[in-house]
Structure formats: C-alpha cells, structure tokens
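What follows is a pair of complexes built around chain A, which joins chain B in one and chain C in the other.
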Partner chain A sequence: MHRLSAFQVLLLILLVAFVVVPIAMPVIFSFSLFWQDILPEGFTLRWYQKILAKPATSRSLGVSLIVATSAVLLNLLIAVPAGYAISRLHGRFRRFMTTVARVLPLVLPPVIVGTALLLAFSKPPFAFSGTIWMVIVAHTLLGFPFMIRNTLASFDTIDVDTLSEAAASLGANLWQRLRYVIVPNVLPGVLAGALLVFAISIGEFEVTSMVAGFEAQTLPLQLFQQIRNDMRIASAISAFLVYVSLVCFLGMTWLGGYLRERRA
Partner chain B sequence: MTAAPVLAIEGLEKRFGAVLAVAGVDLAVAEGEFVSLLGPSGCGKTTILRCIAGFEQPDRGHVRLAGAVVDRLPPERRDIGMVFQSYALFPNMTVAGNIAFPMMLRGMPPAERARRVEALLEVVQLPGYGERRISELSGGQRQRVALARALAKEPRLLLLDEPLSALDAKIREELRVEIRHIQKELGITALYVTHDQEEALAISDRVVVMNAGRIEQVGSPIEIYRRPATLFVAGFVGTMNFFEGLVLEGRFRWREHPLVHHGAAAFRDGDAAVLCLRPEEMRAAPAGEDLDLANRLEGVAGPTTFLGSVARLRVLLAGDRPVDIDMPATEVGRFPMGEAVTIGFSAEAGLLLPAGREDAGGGAVARLAPAHSGEATSGRGTTEEARREAS
Partner chain C sequence: MSDGRSGGGADAAPLPAAARRRFGPMRPELFLLAPLLLFVLAFEIYPILVMAWRSFFDRAGDVTLANYLRILEDPVYRTAVRNSLLFATAGAMVGAVGGTFVGYLAPRLPPRIHRFLLSLYSLPLTLSGLVVAFAFIVLLGRNGVLNLIVQQVFGLPRDVYFDIYSWYGIVLVYAFFQIPLMTLTMAAVFENLDRSLIEAARNLGARPWQVWRYVVVPVLAPGFLAGLSIQFAGLLGAFGTVLALVGGAKNLLAIQIYYHTSESTYDLPQAAALSITLIAIIAGVLVLLNRLERWARRSGGG
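On to the complex of A and B.
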C-alpha cells in the first residue's frame, strides 16, 4: 500500500467522523446515567429495560419486528419469482422491466407513496388504513426495489437458461432444477436483499407515520414520541435501531464476500 | 442394420419466426458411432442438437431414440447426456457434487456415488479433484468435469455442443483427442456439433456437413475432404482453389485455357463446371523450369505463408486470380514475391463439379478466390454465434 499524505489522512478522519459520530452519540447516551458536561458519566442498562417495561414501547417493538419480518417474507414471495421471470426475458423488454422494478419505486417521494396507500386502502374490501396490515403493505413496497435489485443481480451472475438445461439433461425435473441448482445459486444475493429490506423496515418513519394510526405504532414512531417525553428512552430506542442496522450491514458484507470468493 | 439406430431423425423441420433453421433433415446414428454436425453459424446444427435433447420442439418430423419417438418427452426423461460450450457446471457444487448430481437424482447410495465419481475422474484424467470448487478449475478442466458429469448418467447418446470452442487452440487439440479416446474406450454413441472443419475431420467416424438448414453431404472424414459432393462442401472443408469454366468437346476450359481433366467426360458439351483443386494437389516451379504435368498455367508469386511442415504459396494468375499451392517447407525462398511462376497439376488431380446451383445460404460457395474455411474456425465470438443460432 502506498503512503498517504497528511491531507489524505485528515480527509479520511473527517469522513469516519462524519459517518460514525452521529451514530455513536445515541449509543453513548443510552448507556450513561448523566451527561451534563462534556463527558458522560456512569454506566447503566436502565433505559433499555425501560423500553421493555413500558407498555407503549414494548408493544411497538413487537409491531416493528412483526412488520419487518412480514415485509421480508412478502418480498421473498414476490421478488424471487419476479427475478426468475425477468432473468429469463431477453433484449429491450428485459431492460425495461428491470428498470421499472428497480428504479420506479425508488424515485417516488415517500409522501406520495403514503398518500397513494391511504387512497388505495381506505375502503372495503381493503380497509387497512391505520392497521398493522397497512404498515406491512407499505414496508413491503418500500423494500421491494432493494430486494429486486439484489435478486436480479444474483440471477445475473448465473446463466439461468443453460444451467436449467444442463440440469434437465442430467435428469432433473423443474422442481429439482429450482431446488438444487437455481435457488442455491441466487440465495446469498437474495438473503442480502432480505437483510436490507429488514433494515429499511425497522427504521422507516416517513410513510409509516402517515399510514400507521394509533394501532400500529412502530419503534421509530415511538422514538419520535419519546423525544418529547423522555430523551433517555429515545436514545435507547435509537441505539437499538442502530444495532439492528449494523447486524444487517455485517450480514450483507459477509454475504458479499462469500459470493466474491465463490466466483473467484 | 438389425437393431434400431441409437438416434434417428426423420424429416426434422424447425422454424424461428421467418427463419427456417432446419429444413427437413434425416439422419441415423448407429451404436458406438461418433458423428459430427459441421457447418457455419446459423446452419441449423445446434437447433438439431437442441431438438434431440428436448430443449426445442420440432415443427415437423420426429426424433427417435433407440427406435422410440421421444417428441413428447421432456429433456429430463430422454436418455441423453449433454456437454455445453459454456460448460454449464453448477457453481454451488464441488467437482464431485457436479458429477454425482445425476446419480443423486436417481437415488444412488452415497458410497456408490463417491466410488463412481472417483472412477469418472480417472476417466477424464482429473483424479483427486473431487473436492475442488468449479471456480478453481481452468477451462479445459471444467470441460473435462462437464464430460464426466454427462457420462455419469450413462446415457445412450452423448450430445456435444461446440464443447471446445471456448478453449485455447492447444487445449482444444488435446481435449479432442481425449474425447475421441474416451468415446471409443467406453463405446459411447456421440453426436458432436462444431463449426471447426478440422475438428470434425479429426474426431469423427462420419461427418454431416450442413448449410442453410439442410444436409449437404454425409461421409467419412476422408470422403468429405477428398470427394466433396457439392461446391459448398468443397469450399467449407479445408482450403480449395476453384476454377469456374465450361466443358467443351470433352475438355474443361478455364478462361482461354483448355485444361485436361479425367472428369470432363461425364459432362455434356457446354455444361458449366468448376474445377476444385486442393493446394497439395498442385505444384509450382520458377518460370522456365519444366513441370512435367498435363496442365500448366503462368502466374506471379505472391506471399508465402509458413505453416510448419508445409509452406503455402499464393500465386496470382492472370487477372489477379489468387491460387494457393502447398510445398515442402524446405522450398520456402524458392519463390521471391513478384517473380514469374509456372503452376501445374495432373489430369487426375482434383474434382470437376457441376456449377450453377447458387446456394441459398452460401456466398462462400461460388467464390472465385481460394476459400478458406479456416476463417470460420477462430474461437472468437462463437458463443454469441451459437446463441444467435439457437434463439
């Protein structure tokens, strides 16, 4: 590795500070008893215990976990078959479908997604507005572009047509081709997408605040409430959200490394 | 033949949109035979292979395996093994996992599977490679594994779709000798698709030359090379010099030159004919030196290409007509560029073929210049071509 100049080192330190400091603040705060002066004092887990002890926050923790898990499962059900279908298309239509699936949901502003959901699901038979179902639908939708992006990328790393034909020539029926050849090869990428969807769902605020109502308060919505009530609990909630994001991040990094190694 | 041939194709037709990829093909392959389908890109050879494997449905005609029509059977229920140009190994499995895959599907016990995998790795000369990842193997090794995997099923018929096209020239030659050896050793029946005429001639019992969805000629490699049935085959296989002319009074005339050829008697007066001469069937001498041959033409020496054991001299006849002539490599230097040269050939050399039949797919067919089928054999871009042909 070549030597870095002092200026480069300074830039790198600033970059790390820019990324890490805002994340570290609530984490440090959440473990401290007092923080009046420059440095925090005392170590405690009290604020985390309070999340579980208070009915409102413990309930929203449950809601968040259910919503995130459901959004992941729904996305798996939708994105994997969709990715398989798109990967078997060719030419211009394939590029068009790929762009529609990957980019279109990303460029829509969250406020508009929220409004659209409210309009779509306010009347029977889909009167989901204000229920946990509504939040699940919203988070599935918000996670979809990331899920399909990862899924398509992993389908692109293999020649689905030829591998399927090779497996068929060796005696594998459609189920066996998917079970032994296609799914194992796309799984790491799909799992990375699933982790991303989970992380997005756990932290989503904007659209959720529009569609959740009182029944389906997720953890970020509680966080917003607690900022005005009790800054200590708020810091513990945000620290918890940071941990979830970090675990997802580490998982994705590991999967990425695994994929690179296998393809080397 | 008493028993039904391992493979029989009857009146096979396949159309992709407006393109008739296979235009009525009949072919039978006997037990233990190694047959090649040879032709340029888009001639329908890969489509035929894919119809046999069950990846494409023929529009007309039938495919029979060991006598039984298999048109309605999906690929997984046909008794075939297939080797692909792109290897098509499963990257999620080890070498052993890939080879054991067809045995696993059949429910063979793991101990027996492991034993057979080892035996097959011996056959393809990769002993001890079982636990390697596919990504750790070279192209040649990957294709050996793919071959072992296709053999693991013990299929009645082995299909090979341009298996060597993605490999380097050296490995390609090594592996084709080995494929042939394994095929003979195990008594496998094989159908081999290639656009490389040298490969087809080297490896096959019989070669089927195809053009524009039709069979041009079926024969042993020597027949195909020595006695091409059509101008297309003459131009596609090996290097050939063409002289287009007329038969008049029992003699073949090329331009103003009357030439003696033993085949001329078979033509009627006034028939258009093409004299086809291989580079090794002609000789060259510096002008003035005597050539004791029935036919002689005057020209000017062009560039000489050194090919190892032989050298190929290009001679420009009147009107800048190039003719390629082979000579022993020791004679390189006898013909400086621009010097006058006499070329000659006997009355028995070469073939006199009827001219005329403009070929539907060709372009290569009636070319006046020596046709270098070798042009089509470079490995580059073949994946793309094969794909275009298939889709």
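On to the complex of A and C.
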C-alpha cells in the first residue's frame, strides 16, 4: 500500500471527522458523569441503567425491538419476492416498477404517510392507528425501497436463468435449486437489506410519532421527551441507537466486502 | 374511426416474437409481486386517496374548499410554504455542493480508503434524526463543545456563539444527512466520467471552458440533478430533527402538518389539505428537475 501525501491525510481526517465527530457526541456524553466544560468528567454506566430501570424507557426498548424485527420479517416476506419478480421483468414494465419504487417514497415523505395512515385507519372497522400494528406497517412501508433495491441488485448480478437451468439439467428439483443455487447467491444482498431496514426502523421518529399513540411508544419517541427532560437519559438512548446503527453498518460493510471478493 | 380500430387490431394481434421476448409473457413469477402490490395498495395508495377525499370536507362533514383557500390566504400557511421552499433550497444547495465536492475528492484517495469512506458516508442514512439533533445540541448548542472551544481559543465573550437553533443552524444540522447522501450519488457519477474523453477534448484543442461545457457538465449534470431531486424531496418533507431542535418555533409546512395531527391544534381535514399541497409541491419540484435533467442529457448527448 502506497503512502499518503499530506494533502490526502488532511482530506481524510476532515472527511472522516465530519461523520464521526457528531456520532461520537452522544457516546461520550452517555459514559460521563458531568459534561459542562470542554472535556467531560468521570465515568459511569448509570444512564444506561436508567433506561432499564425506568418502566417507560425499558418498555419502549422492547417495543422498538419488536417493531424493527417485524418490519424486517414483513419486508423479507413481501419485498424480497417482489425484488425477484422485478429482476425477471424486462423492458417497459421493469422500468415502470423501478421508477415507482424510486419516486414513490420521494413524493410521499414520512409526514404524509403518517397523516394518511391516521386518516384512513382511525375509525372502526379499521381503527389500527395508535396500535403497534400501525407502527409495524408504517416501518415496513419505509423499508420497502431499500429492501427492493438490494434484492434487485443481488438478483441482477447472478444469472438466475442460466444457473437454474444448469442445476435443473443436473437433476435438481425446484426446492434444491432454491436451496443450493439461488438462496446462497442472493443471501448476502438480502441480509444487507434486512440490516438496513432494521437500522432505519429502530431510529424512525417521524411516522411513529404520528401513528403510535400511547400504546406503541418506541425508543426514539422516548428520546424526544428526554431531550427536553433529562439530557443524560437522552444521551444513553442516543448512544444505544448509534450502536445499533454501527452494528448494522459494520454488517453491511462486511457483506459488501464479502460480495466483492466472491465476484473477483 | 373503424380504420383506426382495425389498424390497432392488426398491430396487436400477431405480436412479433422479439417483442414478446422483450416484454415477457405472463410469467408465474409475476404473482410474486402480488403481496407488495396489495400491501402498498392497502397501506399507501388507499390512505392517500382517503386523505385527498377528506381534504375537501370540513370537520362537520360538509363539502368545502375552505381547507385549501385557507392555505392560500392565511399568512401562517403562506409563510410555512415559503419557509419550506427556502429551507429546502438552502439545504439542497449545501448538500449538493458539499456532496459534489466530497464525491470529487474521494477518488483521489487510495481505492481501499475511498471505499471505506463511501461506506462511512452511508452511515448517516440509517441514523435517527433525533440522535443527530442530540449530537448537534451537545456539539453546537449554547454550551456546545465546539462553541466553547472557539470561544476560548479566540477569547470571545460568552454570548458570541454559533446558534444551532437558527435557520442557519438547522440547515447545518441537515447537512449531516444531505452531504453524505449527495456524496454517494456523485461518487458514482464521477466514476462514470471518462478521463480519456477529457484528454481527447484537450488534444483536439478545446479550451478549458469548452471541456467543461461540452464534456464534463453533460456527463455530470444528469446525476447531479437526480441527486438534487432526492435532496429537495427529502428536505421538503423533513421535520423530525427540526422538531427536536426548536419544537414548533420554526414554521415549516411539514411541521404544520405534524401539529395539525397532534392533540393541541388537532384538525385532520386541514392536515390533509396541507399534505396534498406538500405532495403537489414535491411533485412540481421533481417534474421541474426531471425536465432539466432530460434537457441536460440531450444538450450533452446530441
């Protein structure tokens, strides 16, 4: 590996600092006793214990995990087959589907999805708003574009037709073709999509704040209250959300590297 | 009329084999799209239609245009629309310029580091808007670390600080999302820029401005404009981070919608009309940028 020039080193430090310094703030805050001056003082885990000790926050931790897991599972059930189907399409229909998948989330930002869900599902017989089901549905909707994009990309990089035909000519039945040919080839891409959906769901505030009500308070909703009430608990919740993002990010980076190596 | 019909029939009946291959016959795989379509229909299209419908009724249930007229007449809503457009423009500019800059510089680093940097810049995409709000309050709030450092280094009085709760501050916080987003777009665009094309133009005697006008800009412009539309659309609908920073103190269209759906100023038909307005504004901006994109593509590719 060749050495970097002074310009490159400076550039790298600045570009990395731009993302890393803000992300480090809640993490440092969450482990310190006081932070009034430039440097934080003391070390403590008390603020993390408070998340678990306070019923409202510990409950919201559970709600967040359930919602994010459900949104990932629903996306696996719904968006992965769709991504596969789109990858088999050609010409105009495929262009149409990918355009819709790209443009729809832009035209319908979270604030509008939230308002629409509230309006459509607040009266019987569809009075779902204010329940955890509505939050799961909203997060699934927000995850679709990413899941479809990732699935589509993985199916596009392998030639499903040729591989399936080759396997079929060797006597593999549909189940065996799925199990040994298709799934191993697309699994890394789909897993990366799942991690992305999980990370987005865990941190989502906008739609959630509109449709959650009192029953389905997620961690970010608690964070919103604590930013006004208690910056220490807020720091611990923020730091926890950073860890989840980091773990998902590391997973996606590892999967990306794994894919690159296998292709090379 | 009958001619036209029979002509259409003749076109449709014997579908050439090539066309059939291109569009594909109805494959069983298409049924795999069904769950997605049903879900989107039930939880996205249907609610949007309900919302559009409800925006034409008042709270008593009578048909009215008052919700829309109020947006045109009430200074609060007019300011909200104006602020949203200004905020989105400012944020999109910062993001577009910053992201283009980083996307241009990143390839000058060794490939491994370049790749690491790009994946690092996808991290903000997954980060909660509230976490980012919290981070910037700690960093640049009234007692923010950066403010304290700058005050002590330059010996400034305590009441001189960067105000994260001002419009400038909010745009700066959003830059944390917007610049990385644009970087990812532009890095891919710059990779497509063929250096040999630039050299060829130079060898043929093109002046620097001609190289930019006829080679570089036409290649970059479509990707840049596509990135810009994502920035605009995202910023027009953004409210989470703003809400965490300043509550309702800043009047944005998205904030108005949020407040009309929550307890204090609960008015769902008005929220619906504001939402439809926001959809129309976003769609308008996207169409405009799409026109520009097509124009840029044509003027370059010609």
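Note that in this section the second predicted complex is superposed on the first by the 244 of 264 C-alpha atoms of A that agree within 3 Å, B and C clash if a C-alpha of one lies under 4 Å from a C-alpha of the other, contacts with A are read in each partner's own complex, and residues count from 1 in each chain.
Basically, contacts are C-beta pairs under 8 Å (C-beta built on N, C-alpha and C of every residue); 3 or more make two chains touch, one makes a residue touch a chain.
Because the structure is predicted, anything quoted here is derived from the model rather than measured.
> Counting residues of chain A in contact, which comes out ahead: chain B or chain C?
C
> Look at A:H90 in the shared chain and tell me whether it touches chain B only, chain C only, both, or neither; answer first, second, both or neither.
both
> Is A:N185 contacted by the first partner chain B, the second partner chain C, both or neither?
first
> Considering only the touch criterion stated at the top, classify A:F144 as touching first (chain B), second (chain C), both, or neither.
Only chain C is touched by A:F144; chain B is not.
> Looking at the overlay, does A:E165 come into contact with chain B only (first), chain C only (second), both, or neither?
first
> Using the touch definition from the top, say if A:P22 reaches chain B (first), chain C (second), both or neither.
So A:P22 only meets chain C here.
> Output check: A:F31 vs chain B and chain C. Expected answer is one of first, second, both, neither. What do you get?
In the superposition, A:F31 touches no partner, neither chain B nor chain C.
> Check whether A:G203 is in contact with chain B, with chain C, with both or with neither, and answer first, second, both or neither.
Only chain C is touched by A:G203; chain B is not.
> Examine A:W47 and indicate which partner it touches, taking first as chain B and second as chain C; both and neither are also allowed.
So A:W47 meets neither chain B nor chain C here.
> Determine, under the contact definition given at the top, whether A:W133 touches first (chain B), second (chain C), both, or neither.
Touch status of A:W133: no partner.
> What part of chain A is shared between its chain B contacts and its chain C contacts?
On chain A, the overlap between the chain B and chain C contacts is residues 90.
> Mind pulling up the chain B residues that touch chain A in the complex?
53-55, 74-77, 80-82, 84, 86, 88-92, 101-102, 105-106, 133, 135, 149-150, 152-153, 159, 391
> Please output the residues of chain A touching chain C within their complex, sorted ascending.
It comes out as residues 1-2, 4, 8, 11-12, 15-16, 18-23, 25-26, 29, 35-38, 77-79, 81-82, 84-86, 88-93, 97, 103-104, 106-121, 137, 140-141, 144, 148, 196, 199-200, 202-206, 209-210, 220, 223-224, 227, 234-235, 238, 241-242, 245-246, 248-249, 252-253, 256.
> Which residues, counting only chain C, touch chain A once they are in their complex?
It is residues 21-24, 27, 29-33, 35-36, 39-40, 43-44, 46-48, 50-51, 54, 102, 105-106, 108-110, 112-113, 117, 119-139, 143, 145, 148-149, 152, 176, 179-180, 229-230, 233-234, 236-240, 243-244, 254, 257-258, 261-262, 268, 271-272, 275, 278-279, 282-283, 286 of chain C that touch chain A.
> Spell out the part of chain A that touches chain B in their complex, as residue ranges.
90, 158-159, 162-163, 165-173, 176, 180-181, 184-185, 262-264
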